[in-house]
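Here come two complexes built around chain A, the first alongside chain B, the second alongside chain C.
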Partner chain A sequence: MAARRNNPSGIVPTTQNIVSTVDLDCVLDLNHIALHSRNSEYFPKRFSAVIMRIKDPKTTALIFASGKMVCTGAKTEAQSKLAARKFARIIQKLGFPAKFRDFRIQNIVASCDVQFTIRLEKFACTSHGAFSTYEPELFPGLIYRMKQPKLVLLIFVSGNVVIAGAKKRDDFYTAFDNIYPVLAEFKK
Partner chain B sequence: MGDAFCSDCKRQTEVVFDHSAGDTVCSECGLVLESHSIDETSEWRTFANESGDNDPVRVGGPTNPLLADGGLSTVIAKPNGGSGEFLSSSLGRWQNRGSNPDRGLILAFKTIATMSDRLGLVATIKDRANEIYKRVEDQKSSRGRNQDALLAACLYIACRQEDKPRTVKEICSVANGATKKEIGRAKEYIVKQLGLETGQSVEMGTIHAGDFMRRFCSNLGMNNQAVKAAQEAVQKSEEFDIRRSPISIAAAVIYIITQLSEEKKPSLKDISGATGVAEGTIRNSYKDLYPHVLKIIPSWFAKEEDLKNLCSP
Partner chain C sequence: MATFELYRRSTIGMCLTETLDEMVQSGTLSPELAIQVLVQFDKSMTEALESQVKSKVSIKGHLHTYRFCDNVWTFILTDALFKNEDLQENVGRVKIVACDSKLLTQ
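After this line comes the complex of A and B, so read on.
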């Protein structure tokens, strides 16, 4: 991983979850997969995909009959790709001509702690109010929908910030750089 | 009395105008020349000093600009008491043939009116809720939504916009069938729709515990001193770092104030019923408030020893 861009506070958001998709490019027989692999579950009445889990990296994949696969639970992009390759290998071993087409990271969730408490009610009242939703009755955190880059930040009174919806690592670094000075204004 | 040409006598004859039957009759042969004449003199007498509530010039209810034609159409009402065979009869079916475009709107307005009656809200809030509902309905994307939740959310937003917020739980209690979650989702949806329609015009401040104090206190029958003390306490408590929903803080403050006063103390169950906060939550909020209780409760209301006597959580 390249060196971190500097943020005056020195705080770096850490990734918690990465969701990626890949196309195996072949039609799959889900029943066959479910019967012949140890770590999978398939209940067609509940959901029309096989849910398979591997231990390392600890990830879960949803494998559809069309050959498309969704891989979740990895902590870094490289791990997500590796896990997707492992799942594709399992499918190959089961006898399907699986390929690895169009691997794409769809969503990165990251979190960090700004180390100070934040006044959320004041935040929602200012010029940032257009982007914020703060309903203490419904959810304790403020939901900030940033337009550029387009992602969502959950900001809590404790100072914890969760960033979701990023497609690239740089996106959420930029987002955090943008939001940090604003949060510092509303320090309690 | 006048002269007109009578077709039977074939000449001008004297014609009598009978006011009671409205007939113009030839006096010689008795032929009725014109019947059902319309009396165009005034229907009622108006006096300068008498106004009264019934001004005969005005008819019908106030015009409703939200409805398509201002609410000019006539509705056939169901008679009170024992209408078993009325609605199934042709009159009822005629009424409900559903050709007027406003039927959904009128039904929705009626539901909103029922809900706001149950909560005792003023007409301003009800009208605002109607307006919000109409604006959302104009964008036709709300078909699949739970109608009850949508109406309840309209009312919730109207209350917020008028600075008289009601908790979601209170709205839940009068909305039939809508859960807190559904109302919350509907509210987000409406805010988004209204934001799309007019760029970011939805102005709703965040709720504060103080907004609900008066109502909760009067539900519990606290005296004026206690109410004032509670309001001050809640203002002060906002400065401290207490991470609880404002309603829970309000409930905990009420609990503390009532424990400090000499009069009949409502139990946790009573406070829970009046505020909608669960008893466990009030206890936990009390634990969070307890360290700051000296600074929050105004000194004119309770002295330090009383505060020390407060039971420790």
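After this line comes the complex of A and C, so read on.
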């Protein structure tokens, strides 16, 4: 898959966090789940979902009474699906008829290092300024909102780049391919 | 005033509950009075721990499981070290049940 990458630099962003959702398709009794499962928290006055964590893959799930579940913290898409399945299995073992409907990856966060320092002030002043927000007093990184694919990149002077908002792996590969030549222009 | 019934699960609380149950069974004590005794036990335990206990202990260990439900935290620690100024003790497995004290005064 790396061979497909036509990025001349050979740098490939690595995924750091995946957020996914799945529908267990059954009404859940959150009190019962919180009482009978390990490593869970349920404080309805603060948040109306059970917060459950598993050690392998190291992930956290938010489980709602409607049967919908959000799974965060996995490093790869496959791990996110595996973790969601493990959580669904825990719910099943507690006696609820949980199914695994409509597993969807909602957000992928990736990061990489372009190996050179970048002149952010110059970047924000050019034609790309329309997409950029750079306020060094507020936040040291430049916030680049790419239109195609629609996601956000955080570009730092050190050369570190964080890409968030991708729904598919290809999205952030494309985004990085798009931004790399632009960044190279503003190399310090 | 609501009380925390968790002290009834301690050794002394269990002994009290057993004794009261025996007395109710044999008819020497009415059930309502037994409940009043237990409520007074809860209040006395809370008050005694608040006012008469001064020592502090530091507990360090590996968190095996945690649970938070109905405003009650339950922790299970393995290889815990209980440390006091005078002594320290290693315990293989310890279960900690904790209630929020702010709820008592509400």
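Here is the rule we go by: the second predicted complex is superposed on the first by the 183 of 188 C-alpha atoms of A that agree within 3 Å, B and C clash if a C-alpha of one lies under 4 Å from a C-alpha of the other, contacts with A are read in each partner's own complex, and residues count from 1 in each chain.
The definition used in the following text is that contacts are C-beta pairs under 8 Å (C-beta built on N, C-alpha and C of every residue); 3 or more make two chains touch, one makes a residue touch a chain.
From a predicted model like this one, the values you see are computed outputs, not experimental measurements.
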After superposition on the shared chain, which partner residues are touched by A:Leu35: those of chain B (first), chain C (second), both, or neither? second
Is A:Phe43 in contact with chain B, with chain C, with both, or with neither (first, second, both, neither)? second
Under the stated touch criterion, which partner chain does A:Val157 make contact with: chain B (first), chain C (second), both, or neither? first
On the A-aligned overlay, A:Pro181 touches which partner chain: chain B = first, chain C = second, or both, or neither? neither
Of chain C and chain B, partner touching more chain A residues: B
Per the touch rule above, chain A residues touching chain B in the complex are 117, 120-121, 124-125, 130, 133-138, 140, 157-158, 188
Residues of chain A defined as touching chain C within the complex: 31, 34-35, 37-43
Going by the contact rule set out above, which residues of chain B touch chain A in the complex? 167-168, 180, 184, 188, 191, 200, 205-208, 241, 243, 245-247
Could you pull out which chain C residues touch chain A in their complex? 65-71
